[in-house]
Every structure is written in structure tokens, then in C-alpha cells.
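Shared chain: subunit A. Partners: subunit B in the first complex, subunit C in the second.
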Partner chain A sequence: MAGDRAASIDPDALSWYEATARQRVAALADPGSFQEFLPPTERRMSPHLPLFDLPRAFDDGIVVGRATLDGGPVLIAAQEGRFMGGAFGEIHGGKLVGLLRAALDLKPKAVLILFDTGGVRLQEANAGETAIAETMRAIVEVRAAGIPVIGLIGGRAGCYGGGGLIAGTCSRLAVSESGRISVSGPEVIETNKGAEEFDSRDRALVWRTMGGKHRRLTGGADAFCADTVFAFRRAALGLIGRAPAFDLATLEAEQARLEDRIARFGDCRDATDVWRRLGVNDPETVPAMDTDAFEATVARVREADHDAR
Partner chain B sequence: MESLTFRHTTHKPLPGSVPNAIIGVVASGNLEILLERVLPPDACEIAIETPIAGYGDVWEAVVADFVARAQPGGIRISINDGGARPDTVSLRLLQGARLMEA
Partner chain C sequence: MTEWRGERQARDARIAAGRTFAEGKVVPAGAVVDLLEVILRPGDRVCLEGDNQKQADCLARGLSACDPAKIHDLHMVQSGIVLPEHLDVFETGIAKRLDYSYSGPQGARIAKMLYGGQIELGAVHTYLELFARYFIDLTPNVALIAGVSADRNGNLYTGPNTEDTPTVVEATAFKNGVVVAQVNQIVDRVPRVDIPGDRVDFVVEADKPFYVEPLFTRDPAAMTETQILIAMMAIKGIYAEYGIRRLNHGIGFGTAAIELLLPTYGEKLGLKGKIATHWALNPHPTLIPAIESGWVKQVHCFGSEVGMDRYIRERPDIFFTGADGSLRSNRAFCQTAGLYACDMFIGATLQIDLMGHSSTVTQSRVAGFGGAPNMGSDPHGRRHPSDAWMKAGREGQIVGDPALMRGRKLVVQLVETFGDKLVPTFVEKLDALELARKIGLELAPVMIYADDVTHIVSEEGIANLLLCRDADEREQAIRGVAGYTEVGRGRDRAKVEELRARGIIRRPEDLGIEPLDADRALLAAKSIKDLVHWSGGLYEPPAKFRNW
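Right, the complex of A and B next:
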């Protein structure tokens, strides 16, 4: 589709955070290799949004298809965080589940999920929740078939709600500084527990607690990249090559890793306390570090790299 | 939701051979425009779905101005509006036509 070509600008300079889902896909894949499934001309739109007098999108906020990455075949799904916060509705979720199931037949080198989502679309919540569950099951089946599922997170909606759960089932995750991964978002926590517990307007607190640097330091994400499409492409290629096996040993290692995390950091009141305990010398400086300085810090932290997931 | 459809006759077809293109995102103050080269070369149809009712006259003027400037013969244009201002609509329409001419 010609709109994809509008993005054929230098992927080295294209900001992942600023780009649309279509621009990310076009610039991430090998030039001209992306073939979309159910493109906008098919008009597979939400059957629910008109009931709420809300506008629909021709692709229901997700772009799915096949492409090559460094010559190897991959399947790609990209959420559009600007349409309804990238939230999962019936069609949106169905397209992702269908893509993952297709991977079992097409046997690509990897499935890439470009998360940009606040979670389930409240106007079609039952269908959205079902889609989250079906997506997680489909990812498990794809991984069991030996195909890595790589999540890339650096969009403006972050990766929240059911999206955060799905990210937890991926083989590996790459995140940028602006990427955020969690289940309950800042506003949800504040609404339920009060601003004393979590002040959603304190942006530094939000990024410290859920942002890419924190997730990378604690091993929640497996690669940290600069906010360019090129950096995400390089990270994806690297992670495909070192995806963990999907077997009992990996799952037991993940269980042990998470138990150890609670034991070591369960009493920390702030992310900086966690970083200090991880062995970061000057934790207050972490948020201001550039990518290279941060990578050097990560290299000295034992928990950041693991065989689990 | 308000649905609007405008049909125009153009003096010439839109140059180029790109079969379809999409531009923009359905977000607050933005819109997405799908262009498809499926009509007779002197016809242009623009169908709009907008959650902001009561601005048919403004849409009609913006669309007429675009058709006069771009002469988008042969193109069916479908718009999902997120409450875009007229200048944004004009910009996106011209961006879409440019993609089709590539």
C-alpha cells in the first residue's frame, strides 16, 4: 500500500516513538518486502464502535503481514498507538491471533510484535479480553514450535494491560527509553490506590517505575535501544539469534528468577533503591544517561541478562 | 456518526498508476484517508464518516477545493475522521493524492 512508502525515509533517523505503525513496519523490514494481510482496502473494521458513536479505522489499529528481515522471512504485527490507544478490540485481536496461528504453517524465522497499546478496548471489552487470552495461547504454541516471538516496545502508548501480559509471554523483548511496560497503568494505580501510592502526573516516577531503563536493568527486557527504527531493527535481529528454548528448564529458570526478584527487591520503595541494590553505583544518574553510558551500566548488572523467560 | 458522500466530475484523471494508498491515523484532531483507483477516469467520490455532526457545509467546501486543485479523476476516497480541522483535512487529501501519483 502506497502509504507505507511514505515512510521510506532514512530508518537511521526515523524516531520509533514518533512514527506510525505503518512507518515502523516499512522502515523495520527489508525495503519493499512487507506484504500486508487484510490491508485497509479490505475494510475489516470494528463492528462495535459505531454503537458508541466512535470513529473506526480501516485496519482496526493493527498492521499485520509478512516481510523479510536481513533476508530471513518474518511475520510482523504493529499496533497503532494513536488509534484508541492501540487497544485490543475484536478485529484488532483477531488479526494478531490469526497472524500467530499462521506462523505454525509458514514457519518464519520469527514473529515480531510491535507493541503500542494501553490494553483492552473498553467498548468491546469481552472480545478484547478473549483476544488477549487467545494471543497468549497462540504465542505459547508458536514458541513450542521453535519459532521465537520478539516484542519491540517504544511507542507513545507503551505496553499496558493485556499488552503487558502478552509481552511477558514473548521469547525476548527490546525496549527504548520511552517504552513502558506494565499491567496497570499510572492512572489506574492512582485511581485505585490514591496519589500517595502513585502520582500518575509525576512523569519521572512513571518512567523510573515502568520505563525501558528499569525494565532492562531488572531483566524484564532483554535489549535496550535508542529511539530509532534502525536501532530496533538491529535489536530484533540480535534477539532472534539468542531466543531461549521453550522447555521446562527455561520455565523453571524464569520462576526462580522472579522468586529471587521478590526476595531481593520486595521491600524497595522506589526504582532507585532497586538499582542501588543491583549494584549501580550512582542510581540517581540512571534516568539522564545516554544510550552508551546506560549500556555500560547494564553490562555490570548480573540480573540484566538471564537464560529465563 | 455522520456519513457524507460527495461526487465530482474532473477534467482529467489523477496521474500515476498506484492502485491505492492510505495516509493519516484516526486520532483526536487527525483522520485517515484511503484512496483507491477504482472509478472512471473523470469521476471522484469522497465518502466521509465523522463523529462530529453538523459540519457538512465545511466538508463540502474543503472537498470541492481539493478536487479543483488536484483533479483526482478515477479515485474513490474514503475518510475516517477523528475530528480533524479543515486545514488538516486539506493537507491529508493533498498528501494522499501525492502518494497516488508516485
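Right, the complex of A and C next:
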């Protein structure tokens, strides 16, 4: 049995979706290189959750620290989707903002954010919203200092709410098929607009609209990985090497890219309409494609790769 | 002079009246209400086919649209109360009395209507019990059934979800009743004849295909380590020890976890071919890895499951299929098989009391029983031995001549000490008793009675109730696996340790199981997509279960 558990830490086989935040970090970084800041032994826990009689986590649902990746120094933050859906609370957000600010002094090769979040923690919403804003500002400063910020998205909770906003400020994003990126979640859209507009229980629709393949095809994500820690590691290394400069030209290109996207796809009713217009021959087959077939499809789509963001 | 043909003449009159809306036997969907209003009579006993899975929904909409001034006080006799229309007819007065088995999705509303007195309840039956009464004192005057296709003579193809249809038609057609079938399409030749045309009086081409609920699909991605631990204990402590080859599984996550552990954990224990070979079971998608790994010899099904049809077609050595290649299910036969030909039933429940009575009824929901009490009971009519059955019999025998000993069916409850929303599973008193008192039921809706239960498995361990020798031991054995619930904390520590020493309670460590080994890595499939891969792309999960 112990052998099984050891096998499950093998980064070649370890499923990103299945892994905990700590397993992801340990298997992503060079072996044994990860050093955690404010580890669980420090007991930095939410001051707010006891008011609601809710259980706390010793790390407030986020693991931050430094490591090496292929020998190069990096800072890593990993959200734990299993604790309150990876939601941003005061401590959780503070640890992420602190890590990003430390990057300005430590000058790593990159900052990696392993998103796994439903957004702001409702029980500490003000602190959470503040943390989202501070994180985005900190990312901008880190990028302005020439350090790429890479988002990795393939966890159970997806990357929603403020997490979706933060992902939008990253230099580059890697996503797996199970990964989802959006701001409003399926249930929120259904509640506000009705099941006719968006049926949150139609999971195929949810993934078609917010899932990794759609985000990759439209250039919302810059790399697509199989669901293994190994694939994410390889994607992260690749993206660090080709992160865009953070300057006026990049921002103007991003603005143009987004305006063009609305103009081209604004009237589409379903993601398959978008894919067809992108030039995918048989859009209905996209969801069932394996990674290789999908990569081949991406290679034929112009919008998937760009110099913007 | 005595009239011996009154029923037959009444039936002929109904059919003659109905023919005015039909071309031969075929009635357009738009004329359903007209048809029903002339073939039904006030006070009729009606089976509106509501099964566990498929629903005669077009006919249900038609019945609920009938004029209550013409059609009223019907006595509904159907196994499933599933669609809103099944209860709407009681609000309008079209129906008055109800005998049924299962009401999963309508459980809350049916409770409210029972409290409000809108439904005159006969009884909540088990499936076999209701089917049996179709032939004795609840024979339908009219059956409204559902099939996939029919020809113009009424020959009916039910498709993989045959379910209750043959039983309902048998009771109705051969006792002067009228049978109306809704089908998805009228064809020149049906793929196979599940119901011969001379038992079907009218065929309605429905406006849309009949509704089927994917009731048996459990997403491996949602399986927890607690469920995996419980599944490991069940496999090692019960399946292996009794050598259970013939069995039925309930529909919960616990049994689905067992299915997914067979090719991994079960394989490691060397149990392949020794356990879980012959099944009375719906085609659970979570059984695919065990089938593909050669664990499963054959499976007979109550009904089908959405998305499994193509897979079943390609595995005729495992499933019962027709000459056309598609699954043939049959609820009555499969329930009988589960009752008499299986050595174990294992399933979940919502509440267990101190004696081991269990119920899925809570004060606000009356979910009904379905088939669990049939399969989860010790059939006293059984006369064939098997090693598992005899071993359980020996464990349970307290007095009497060993030469006259009979075996025991294993009836295993698989529960977490705290259920959904951290509601305790173990209780001093079942909610079912309070419900029975409030609505004046003569018989409390107990799903499985204590004297049928042989084992309770929770994350705390296995309680073997067969080995308990008196009521106090039984209570302490149950408290002993009830964990941190009030019932568990009320245990007599010394007595529980004594029971443990005697092997009546067995903790994970007593079974040689390390709780930390209960890892999702053990699941043969961790997602619905993994199940699709295992099936070689033959399993086609419905959209609500796809995360791609």
C-alpha cells in the first residue's frame, strides 16, 4: 500500500486534478527544492471563520514559498481547492500578495500561481475583495519588473470570480481540459439569467463555455496540458521562456485582441459556433478529442497564439 | 342468470369508444386527452407507467389534462411517483387513491400531500409486492405504458428499459383491461417484440421521446476517501470472508466505490473470480472497469442506464440482450433474482436505529422503498445452499438441531456515521415512526427490518449482527460503529471492547487495513472520462456528467 502512495507522487502519473495543493507543489518543483513560507506550523489562520462556527485551516487554504524549477529560482503559490473551494480570505490573500511583493526583492525567474478557486470567500468578503485588487496590482508591479507571472489552472474548483480576474493579469496561462476559467460561475449565471440562458447542470455546456479547451482555442490560455503534474511543469517552463514584455505595445495588442474577439464572436450562441468560426472543421468533435488531437487542432487556429496580454 | 362476461363487455365498449380517435390502433398525440376521457371510467384502477427510470410522460400529461368532471376518483397503482403530473392528478381530483413503491424526486411533495389529506394512501410497497398485488387485488382496469417503438398492430419494442412493462401488461391485458402504449415512433417492423400486439389496444406516437432518468450513474470524481475506506473494509471483511459471488448492489457512492476497487484493491487481495461474479444489477457505469478486467461473469438488469446502451450491445456475454442486440431488462424477474438467487444485498440508508431497523423516510420526505426491501431481506422460501449462505446461517444459529439449520442471506448496510449536511445516520428513533403517527399509517415505512440486517459497515468498522446473542449485544455492536454520533458516544466502552475481542466489531486495523491507504489513487476510474476510456469509447455519458 505504501508503494501505491509513493507511486501517486510520481509527477509523470500524478493527476493535477486529483492532487492536493501540496502534492502539486512538491511534484512540480525540482525534487526537494520547495521551501514554504508561513507553513501550517505557523498557524496563520482566518480570524473571521470562527464567527461563523466554521472550521479553519492551518494554512488558510494556500501554500506559498520558493523553489527551483529546472534549476532556476521561482516563487510558487498554490491554492487548495479542497478547503472552502480555494476561496480568497484575508490570510489567504495576504500570503499571495506578500509572495508577489517579495518577488520584487528576490527577483526569481518567474512567479507561478497554481489557481484552484471559486473566488472570494463570502464570510470575509471585504478582505477577500481587497486581496483580489492588491494581488492584481502586485502582479502588475512584478511583471513591470520583468518577472513573468504564470498561472496554472487544472484544479477541481477551477479559476472563478476574483481568481478569473487575477488570471487575466498574468503573463501567461496554462490550462488542462478539466480546468475552467471564468468570472461568474455557472450557478450564478443561471440564478441571474435563468436556466434557458445557461443550464448549470449541463456540465458539457459548462466545460464547452468555460473549460480548458475553449480557453485555449480562443487564446485565453497559452498552453494546453494533459492532466498530469509533469505536463504542467513542462508547460510552465515553456511559458516562462516566452512570456511577453510588459509594456505599452503589449497592452495595446491585448486591447486590440479583445475588441477583435467581441467583434468576431459576439453573436455566437454556443462555443461550438465560436470554434467553427475559428476554422475548426468539426467543432462537435472537440470535447472528445485527446490531448494530441486537440493540440493539432490548436495549431491550425490563428487566434490561439498571440503576443498580447 | 349469472353474467360471466361483464368485464369483457365493458372492455369492448371502452375500446370501441376509443377507436373513434384512432386509425386502427394508432392514436395521434393530439388526441390523447379525448382517448383517455372515453376509455377511462370514474373510480378505475389505473397504472400510469412510472417506473424507476422510464416514464410514460406523454400519457401522464394527457391524463392530468383530462376533465375532472368526467374522469375522477381514479385509484393509481404504479411503482414510481416520479413526474409532477403523477401528483397533479391528485390535486385536481382526477385521482384519489394511491398504491405505489418509489417516489424519489417527488418525495417531499408526496409527504406534503399525505399530510394535507389530498392522497388516500393504500400502502407504500416494495416492487415485487406491488407487482404481486397487480394479479390479486390491485389489477389495473387501464394501463398507460411506454415503449421505444411499435408497429401498427401494436407489437411493442420497449428498448433497453423494459423495466415494469411486461408485468403491468400481463396483469391488465389478461384480465379484461385496456392497454395504451406511448411510443417514440411508429415503425413498419419493430427491432424485437417485447410485448405482442394482441396485448396492446392503442398506440400513441408521443410528441417527444419518453423521459429516462440517469439514476445509477455515480461520478468517481465525487468519491471520498471515507467511502473508499468503507469499501475496502467491505471487500476484505465481508466479500472475501464469505466468498460472495452472487450479489446485488444499492445505488449509493459506497457500493460504487466497491465496484471501482475490484480491479485494484480486490485484485491485490487475489479475489478475482472468487467474489462478485454474478449480479442482479442495473448497468452501473462504475462496473465497467470490473467487467473489462474480467471480474464479472454476468449481469441481469432491472432496467438500463442512460448512455450504457452501446456498451451493453458490445458485451452480450455479460448482459441479457435480445436478438436485436439491445439489452432486455425486466424489473420483476430481476427483483426475484435479487431476492432468491443472490447471497448478499449491500446498500446505503439514511437512518439506522439501535436495533438495526433502517429507513430512508425523513419527516419531510417519503422516498418510498423501491426494491431494497425485496433484495434486502432473508427469503424464507430459499432451498438451495451456497457457501456464503451456509456460513451466514451457521453464524446466526443460536439454538436448534444443526442438521435442520438453514442458511442466511447477507444483508449489509453501508453507511457513513454522518450523512449529508452532517446529519447523523445512527438515531435512537427512526423518523419513519413519527411520520407514521402523524399521517395515521398502520405500518411504519421501515425499509429494512432489523431481523434481516446481518452487517453494518461504517468508517469505524464492521458490526456483525449475526454473532450477537442478545438485544444488548446488538445495540452495543451498532453503537460501536456509530462513531461520534450521539448514539456512538452513548456506547458502553467495556462491552464494545468485549465485542471487538469476539470479532463482532472489527476496526480497520483488525482487518489489516491502514486508513491512510484509503486513497483515491485506488479507484480504477477517477472520473467519468476514465469510465469512457475503460469502455473503449462505448459508454456515452449524458451531458450532466461530462466535464469536457
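Operating definition for what follows: the second predicted complex is superposed on the first by the 301 of 309 C-alpha atoms of A that agree within 3 Å, B and C clash if a C-alpha of one lies under 4 Å from a C-alpha of the other, contacts with A are read in each partner's own complex, and residues count from 1 in each chain.
Methods note: a contact is a pair of C-beta atoms (placed from the backbone, for glycine too) under 8 Å apart; a residue touches a chain by one contact, two chains touch by 3 or more.
All of these numbers come straight from a predicted model, not from anything done at the bench.
Visitor: Quick one: classify A:18 as touching subunit B (first), subunit C (second), both or neither.
Guide: second
Visitor: Going by the contact rule set out at the top, does A:82 touch subunit B (first), subunit C (second), both, or neither?
Guide: first
Visitor: So in the superposed three-chain picture, is A:213 touching just subunit B, just subunit C, both, or none of them (first/second/both/neither)?
Guide: In the superposition, A:213 touches subunit C alone.
Visitor: In the overlaid three-chain picture, which partner chain does A:203 touch, first (subunit B) or second (subunit C), both, or neither?
Guide: second
Visitor: If we overlay the two complexes on their shared chain A, which of subunit B and subunit C does A:116 touch? Say first, second, both or neither.
Guide: Neither partner.
Visitor: Give me the intersection of subunit A's contacts with subunit B and its contacts with subunit C, in residue numbers.
Guide: In subunit A, positions 1-2, 5 sit in both the subunit B and subunit C interfaces.
Visitor: Which residues, counting only subunit A, touch subunit C once they are in their complex?
Guide: My answer: residues 1-2, 4-5, 7-8, 15, 17-18, 156, 177-178, 201-207, 211, 213, 287-288.
Visitor: Which part of subunit C faces subunit A closely enough to touch in the complex?
Guide: 221, 514, 516-517, 519-522, 526-527, 543-548
Visitor: Considering only the defined contacts, which subunit B positions touch subunit A in the complex?
Guide: Per the stated touch rule, the residues are 1, 18, 20-23, 25-27, 30, 32, 34-36, 49-51, 78, 80-82, 95, 99-100, 102.
Visitor: Can you list the residues on subunit A that touch subunit B in the complex?
Guide: Of all residues in subunit A, those touching subunit B are 1-3, 5-6, 20, 22, 40-41, 43, 50, 53-58, 80, 82-83.
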